[in-house]
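A, B, C and D label the chains in the order they appear, each numbered from 1.
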Amino acid sequence: MTKQPKVLGILDILLLILVPASLVWIIFFTPMEAVMGNVQKVFYYHVAAAWAGMLCFILAALAGAAYLHARRLQWDWLSLSAIEVGVVFSLCAIFSGMIWARPIWNTWWVWDPRLTTTTIMVLIYLAYFILRSGLTTPEVQARLGSVYAIIGVLTVPLTFFSIRLFRTIHPVVIATGSTGESAFNMSPRMLVALFISLSVFTLLMADLVWHRYRLAKLQSNNRKR
Amino acid sequence: MKPWTRYLYMIWLIVSKDIQVEWRGKQGVPVMLVFALLIVFLFNFALQLSPELQAGLAAGLLWVSLMFASTLGLNRSISLEVENKALDGLLLAPMDRSAIFFGKSLSNLFFTFMVALVLLPVFSLLYDQNMLHLNLLLVIFLGVSAFTSLGTLLAALSIQTRTRDVLLPVLLYPLALPILIASVEASRGILSGQSKFELQSWLFLLLAGNFLFYAAGILFYGTILEE
Amino acid sequence: MPANTTNEMLWGLIVILVILLIYTLSLYLRTLSAKSQQTKNQEK
Amino acid sequence: MTISCSSQITIQGLIKRYHFRPVLDQLSLTLDDSSFCLLIGANGAGKTTLLRILAGLARADEGEISIGANHNFSDHLLRLNLGYVGHEPMFYNDLTAVENLRHYAHLYLLTDAEEKINQTLHLTGLSQYQGQPLRTFSRGMQQRLSLARALIHNPSILLLDEPYTSLDPLAAKFLDNQLHGLQKPGRTILLAAHRPQRLLPIATHIAWLKAGKICQHLPIEQLAECPELNHYLQERV
């Protein structure tokens, strides 16, 4: 197994610096929200996690399409890695969203379109792993997994709009805007924080997917023997 | 025979074969119907639905029982083909693989729609609400069509796993959630007297779902079935 | 007067970091076991 | 509605992988027109995989297959000229024999469907069972009906995957003289056999599939010149 590529090592170290830096910036250098208080600061990481999760699932669908075209198993390893990391990021978004909603609406779960869509996406992609574990030959796993990954990502807009539409017809009791709404009237510092969080999470996503890809490659070679 | 008429003729062959097998074996629609009614009674006792409250839930209950019943139909339809590898027989036929997808999903749609047609009067009696609107039939047709096309596609996936058709609900329900939401909301709107104009957005969602899942079926059914 | 929700903020951020940490750890452990499996195969 | 094309099958560089292992590894084979070729090889050598790829039921990872002059192997109209008998009969248990055959007759766009159905039922000796549902059929009868299904559209290419498995001696005898009758100019037959001994008098060629490749492909007459193949056949009696 080839030694870990240099770039990946640099990326790891870079992230070890950037993540704490972004935390410091969010906690200390962004203004406190007038009504919600400090908890609003979770918003940056919450949106960044949801964004990275979404990016993963789109990457997984593209890798799946590439596998169906080229029939190289490398594409399937990438698709599998992207989905696994995508589920992890989506879980981050879900739990942070719940903790954020707690003080505002004193319920753990609020049927906010974004949060609900993310939860359904987690269900969709948990089914992806169940499907893969039910299949025996790697080639079939790759082919059916890729098809499912593509169908999965195609239904996300449908899911989001149906829930948003459902929300507007049955508004939640305290309609103070959903967790993401307040994102638009943001001061420059808040925008910088959001930008930092998004880019840190995108780098983190690339790093984790790359590591998971190498693990998938290793596991696949082990099975070959 | 021109290519188009041959394509439609093939689809018709598959649908008529499925109807013939169903007519002979009578294992499909009756089972789905009994299962749907069972679901309704279970929910009635489980949720202690009081009569006046039930009216609002009629649409939701109708669609949940339809969803579970059509899952039975989807599993039966695909295991019918896999039984003696009759699916290979269809793959051997001189037609594009998407014709098999169309044939199977239309036959699933036909059976589930039959069950829905029987369920409607029963629901009307149970919840003393006249549910025999033309608009409602249109919504049911669109919703069931989207659901069964996606279900046919995923059934071809789940049948290849070790646990065969056990996996279908796990794969199908999260993906079909928007269809369920749109169908229930549209049906509830119609039952509470809203005109089709007000339900435009739901109908558009159902159409989008239909278009998406039939397109996915045409694109991927061949890839799923080929070894 | 903004609500004092500093704890919730900390909890929110901690939850994300903990989930990511657990995942990175599991990734690391799985890579280790795969590597040991690989060396075992090579010896065979 | 049959496309007239010579039924020569040429296969070049065919690769198919299962569990990373190439079951078919750069396999090349040319079956000339009107030949009856026996495909022999150990279990798991890839006989079924090769036949399923030729029948269009499985997809090759790499390689070229062309039938007659037509290089576009994946053109679904080519299957009008192809008959395939696999391990499974490919029928619906609830339908009767004649209904199953009628389904396939329509699938193959036969204009004279009824006449062809009776003809093939008679050929395979199942006329008196035609009204019975398929689930009452014995393995041998299902196999015969499967052969009837493969012949109903008079294909110019016939692929038979170990048709003798689990047949009683009577049904096997019956299949022998049917295979005799199947040979005609313009029809190429490829039969995968586990114990090919009884088919040597009928076949024209023999192909040996080993380690993912065709290591021997020669007419039956020259069988004597290849001791290795002879030895293999003796073992397989």
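One rule holds for everything that comes next: contacts are C-beta pairs under 8 Å (C-beta built on N, C-alpha and C of every residue); 3 or more make two chains touch, one makes a residue touch a chain.
Bear in mind that the values here come from a model prediction, so they are computed numbers and not experimental data.
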Relative to the centroid of every protein C-alpha atom displayed, which chain's own C-alpha centroid is closest? B
Chain A-chain B separation of Cα centroids, rounded to whole Å: 32
Roughly how far is chain B from chain D, centre to centre by C-alpha average, rounded to an integer in Å? 38
Distance between chain A and chain C based on Cα centroids, please, to the nearest Å. 15
Intercentroid distance (Cα basis), chain D paired with chain C, Å: 55
Set of chain C residues in contact with two or more other chains: none
Mind pulling the chain B residues that touch 2 or more other chains? 227
Contacts with two or more other chains, residues of chain A listed in rising order: none
Touching pairs among all chains present in the structure: A-B, A-C, A-D, B-D
Contact residues on chain D for chain B in the complex? 1, 52, 55-59, 76-80, 82, 84, 86, 88-95, 99, 103-104, 106-109, 133-134, 142, 149
Interface residues, chain A side, partner chain B - complex: 68, 120, 123-124, 127, 130-131, 134-136, 140, 143-144, 147-148, 150-152, 154-155, 158-159, 161-163, 165-166, 169
Touching residues (chain side chain A, partner chain C) in the complex: 1, 19, 23, 26-27, 32-42, 45-46, 49, 85, 88, 91-92, 95-96, 99-100, 102-103, 204, 208, 211-212, 214-215, 218-219, 221-222, 225
Hey, which residues of chain A end up touching chain D in the complex? 71, 137-139, 220, 223-224
Please name which positions on chain B make contact with chain A in the complex. 150, 153-154, 157-158, 160-163, 167, 170-171, 174-175, 177-179, 181-182, 185, 201-202, 205, 208-209, 212, 216, 220, 223-224, 227
